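Both of the next two complexes hold subunit A, though its partner changes from subunit B to subunit C.
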Partner chain A sequence: MFNFYGDDISAFQIISLILYVVLAPFAGGLIAGIDRKVTARMQGRVGPPVLQPFYDVGKLLQKEAVTVGRGAQDFYVMCCLIFMIIAGAFFFFGFNLLMVVFTLTTASIFLVVAGYSSNSPYAQIGAERELLQMMSYEPMVLLTAVGLFMVNGSFNVENIIGNEVFSLKFLPGIFIGYLFIITIKLRKSPFDLSMSHHAHQELVKGLTTEFSGKTLAALEISHWYENIFLLGFIFLFFANGTWYMAVIGIAAVVVCYFLEILIDNGYARMKWQFTLKSAWIMTLIFGGANIFVLYYLRGYLWLAA
Partner chain B sequence: MASYITKSPWIIHYDGSSCNGCDIEVLACLTPMYDVERFGIINTGNPKHADIFLVTGSVNEQNIPVVKQIYDQMPNPKVVVAIGICATSGGIFRECYNIVGGVDQVVPVDVFVPGCAARPEAIIDGVVKGLGVLAEKQAALAKGVRDAEVPGAYKYEEAAEETAEAAAEEIAEEAPEAAAEKAAEERKEEEAV
Partner chain C sequence: MGILAILILFPLIIALILLAVKKDSARGPIVIVSGIVIGAASIFFAVTNFSGSVKDLWLSGSEVDFGIFSAGGGNAAEILSYVMMVIEAALAVLIIVLGIRHRKYLASILAAAQAIALLWFELAKGHEIKTANYIYIDNFSLIMVLIIGVIGSMICIYAVGYMKDFAHHHEGEPDRRPLFFFLMFLFLAAMFGIVVSNNLIWMYFFWEVTTLCSFFLIGYTRTPEAINNSFRALIMNLLGGCAFVAAIILMGLHPYIESFELSQVLATGVSLHEQGVDEPVFNAIIGLLAFAGITKAAQMPFNSWLLGAMVAPTPVSALLHSSTMVKAGVFLIVKLSPALGIQGLFHIGPGFMVILVGSVTFLFASLAALSQSNAKRVLAYSTVANLGLITACAGIGTAEAVWCAVMLIIFHAVTKSLLFLCVGTAEHNIGSRDIEDMDGLFGRMPRLATFMIVGIAGMFLAPFGMLISKWAALQAFVDTGNIWALLAVVFGSAVTLFYWTKWLGKLSAIVANRQDIEQGVRKEEWAVTGCLTALTIVVAITFPFFSNGLVVPYLGAAFSSVAEKTFVVLQTDNMIIMMIMVVLIIVLALLLYGRTGKRLLPLYMSGVNEGDDLTYLGSMQKDVPVSLRNWYFEDMFPEKSMNRIGLIVTCAVFALVFSYMISSMVGLYDYFVQTGGAA
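And then the complex of A and B:
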């Protein structure tokens, strides 16, 4: 078997692809459950059971279907879910990182369109804010892919993982920048502008205000898929083909997610202006400078071009 | 298929005309002291996400459409819990000219939680009682039966008409001439319309 580059496809790639499609929702839901439990403990509460997100989605699937806009909304949200699964599938298949980023963007755009498709002002303002959030994080996501390419000489996830380079050594700025924007992607305070997991936002439920029942469940599941491969990006900074770095990479993912929960509980929601400015400043300073240094030092480093 | 609705009841809370005492007690349920999220209960601000409609305070002429609209926007199965004596019967505001009475005058209520103000423990108890109703409605929905209209619900319109008639009679008894003039004016207005 060959992929688009004419290289051999390993059994490992196919297994990881299947494992992703089947297990990612379970892992993502479990992470969401642990997230809620840890958040509750941080606030001095007992918190819901760890399996609570599964109960929530199970309930939503059983609720009556109420759709706004003659079914268009459901269509867009299902597209969001499907493209999210495809984006993650590219990632876990070891395919091109740029392709992952662009498919992820497509999925996000479908979500925005779903928000716009209802005439609810809450959903529409939520959709506008989602667009602003995309503007904020997108440059850094691309720079992450570019940085990993410059260090590993390939955009393919398979090669980045297999390459003997410990990427974080050359990409500390990119890593910090990515950690910053993943706060937006994971919808954590202070950047949960378009929709919040916490109740009583000024926009009711923002982008998701008009979604209910199965549609909302589909959106929740797409978040679970998304979170898994977004955390996978963190793993890429550590992976160098050895088992112990793989373990360290997974530990790093856990530590980073804990940091995100801490930030979520430590900050109030900011305005979109702050989100946009801070994200772009972080992108320029940490991401841009890192790429700049890499570009001029590549002769001194042994980096493959 | 197992029913998950009792494990994940999401709430929308609306405060009608009241002193806000029950309103504050509902919010107290979310604090670390009571922590209703233990039961998977989330206070969503959104009727489309909600399973349980908590109403505090009595219903007046101004907020009848608000209560009805929130109720109508909630997808089935859904449960209404009236919190506090005002939401149950109108409470001390019952005799006010603008009050139509408890929430049951506008939407079908499944659980009544009396009290002034209702204690957080009582509110949680009421919601948990509502879960039983919710499970029954879920089972009915699975068989294709939508939330049946409760007989006597939406009777506020009738009640309002009766009140208006009684008031008109009273005026007619007290001052027949004034009432006749008023009636004549009203007829004129109607013709003009």
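And then the complex of A and C:
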């Protein structure tokens, strides 16, 4: 369509970017609603309506504007939201996966600093735990990007989707590793250390204890954005440029998310040591081994791609 | 040529003047003016010599003007070589005497060994070998000149104010400031010498001068701890010096090279690489030089000297960590890069050694930083880790990886000097360098905290420079299939994230009832930290110009495989997006930070907040003060064990590589292959 520093930009890229920015919060909120419904059914409850997350956020937006400290946290949360949207936008625009990951990290760092800035005991411990979670999952997220690169010959989401290789065939270990750490990322039990959707946190609401009203709503919306492109990563393992693999990819996203809900309800929260150790061991065993195998398959893969 | 002479001679003359000046009021202006002159001269030098092509400035026989000498290049240079030899011998005697006096006999032995070996060799054989180019300047040298000249002299200016406070805090002790400033400026002169020398005997001379300068600076306070640490630094660097001398001797004896010119070694290296030949003696030369670089760059197992170096006044740490000393180490390794690299994960040679030592250091130094609450120790481990990354990149030996190494050197120099100087100022004003005591620094010293936050963000956060280089490094590791380095960087950067962010969090916490105590900070300190903060941001925004203008042309000259037009590390659009993101963060901060129209409420404390956000009413009807502490993982990642693991792995690598080199040099390897191992 037009040219941006040597890259041809297609209409498809722009449409998917706009669709993401506009629709992701709705899709993310809907997923959260379905999540709560399914969780309730698993626990033998009726559960809230599927649109409940939207009602919640709507209510938050109408709350009285109050804050603690000198309101420094509002700035950090706003930055978190903006960078989360940017990270997702890079992803759906088809940009470099590493850039997506690093921007996502920046967004998460803003969230952690927001927690620290309030100087509230609960928020600060929550922030520290959030950091621990980041340290736990970050290596595997990077290895996922690396694995997809090694199979598809490009870090660009656009090329990974367009490439005719069915990546999962070569990346079973990385896929398992990614599913493991996405449990941390989606804040599911047994890894919901820093804040929890469920009302049984020893840290009250952890990181978010001191957020309220619009700030809390902004955070909630940033989570919706985040979840959408985290699930998009799963899609990348399946996409090979054909419509039927795209359908399978979306089905796989649904199955994986259901699995996450199952895990969430099947486990109690574990200690932080378990989070760090298990995530790093999984990363080394599944991610590392997969990368080693890929290294020796390199010649073959390059030909395939 | 004249300006080059000024770059080396001028700091030397100023150093001597400062040694003589005892009056505080005179010293300040001299340091500030000469600092500005050196900075301006290095910028002028870089701008006038910047053309993208390599220059040989000292052709033998041609007329050269080295300031005082106006003779045929060959002659003047030879006279200078003899002068250097005499000074070298004198310095060796000095170390031997000091070593004996302080019962550090190992230092004496090492100094004696290398001095005797080098003198013997120079007199017996060395003087027959002619050097065509004593000095060799390419864009990488220019970048180093800029770093040394601009950042180094800024640190010297900062030291004027800092050392006044330092003398104030240490009243009753003899005032050694003339010696201090003498050493600082001598250090700059020697660093300029290192980065422009092509003759390795010259480089070795400057190399030893920096070793000695750092030795005296670390031992500045003359406390038992300082003396002990200074000798540790000396011994480790002399070990590297011995390797340097051994490499020089091998070069002189090597039938193909028979020269002391670094450019010759590299040319040989590139041609051997292209033929895919492993030549044992040549490998040993590169391996020994890389080893010397590794000791100076404080890589594991030698990292303890750099950590010990923080007993010195903070400007010394800033100088050692950012623009001098360790940067000389990585400078040499990056220079050697075209002769490094591995074919296959288990291809044992100098490349293997450099990659593994760098990667292991990056990972374990980062892990060791987790358990530190002393700000200077966190900075020190972060320096060691980043140098590890630079070393690993250089070891890969491709143009893409070297791009990352050079960019890391630039970004790290700016950011790390900023952070050290900020910590120094904080220490003098809050009386502690512990991160826990920087709790809510934003309330007490808002400007300083802002500078520090910029520095910390610059060290690890997208879209700032260090992260961009790390990103490119990751890409280079994957491209070349260096899985060792890949795994180290993947885990290491996750750890890096943790220890920086928890510091960032402490700084940005808004603690109630804090007094602004910033008025006491000296003017020089504000000027320098302010400049460095601006520089951190400016470099983050303008780095594509540095990349395209300076780094890529250097790579084009150093790596024959690079065609400048097709060389792409990060696509330009990615770089532009990063630039836009930097601007976005700044705009958001200016627009949104600290502006709230919201009603302020007290914190939730799970007990009744007494209204000051600092105490709550406990269950026994008593006020309980709240104090928050960070997380240090002493149980999971104890500093000692991290260092020990690093030491064991890197020593094993050295043992493996050097024993392999020696055995292949003496032909044992071939023998065993021929006889199938049955001797």
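Things worth noting here:
Assume the second predicted complex is superposed on the first by the 294 of 305 C-alpha atoms of A that agree within 3 Å, B and C clash if a C-alpha of one lies under 4 Å from a C-alpha of the other, contacts with A are read in each partner's own complex, and residues count from 1 in each chain.
Definition applied: a contact is a pair of C-beta atoms (placed from the backbone, for glycine too) under 8 Å apart; a residue touches a chain by one contact, two chains touch by 3 or more.
Note that this is a predicted model, so its numbers are computed, not measured.
Of the two partner chains placed by the overlay, subunit B and subunit C both lie in contact with A:64. In the superposition on chain A, A:209 makes contact with both subunit B and subunit C. Subunit A has more of its residues touched by C than by the other of subunit B and subunit C.
Of the two partner chains placed by superposition, only subunit B is touched by A:52; subunit C is not.
Once the two complexes are laid over each other on the shared chain, residue contacts for A:153 go to neither subunit B nor subunit C. The contact surfaces that subunit B and subunit C form on subunit A in the two complexes overlap at residues 64-66, 204, 209-210.
Interface residues of subunit A facing subunit B in the complex, by the touch rule stated above, are 36, 40, 43-49, 52, 55-56, 58-59, 62-66, 199-201, 204-205, 208-213, 216.
Across the interface of their complex, subunit A is touched by residues 345, 440, 442, 461-463, 467, 471, 474-475, 478, 481, 483, 486-487, 490-491, 493-495, 497-498, 501-502, 504-506, 508-512, 571-574, 576-577, 581, 584-585, 588-589, 592-606, 613, 626, 628, 630-631, 636 of subunit C. Per the touch definition, subunit A reaches subunit C in the complex via residues 4-7, 64-72, 74-76, 78-79, 82, 86, 90, 95-96, 98-99, 102-103, 105-106, 109, 112-113, 115-122, 124, 127-128, 131-132, 134-136, 138-139, 142-143, 146, 149-150, 155, 204, 209-210, 273, 276, 280, 283-284, 288, 291-292, 295, 298.
Residue ranges of subunit B in contact with subunit A, taken from their complex: 1-5, 7-8, 10, 32, 35, 37-40, 42-46, 48-49, 51, 75-77, 138, 141-142, 146.
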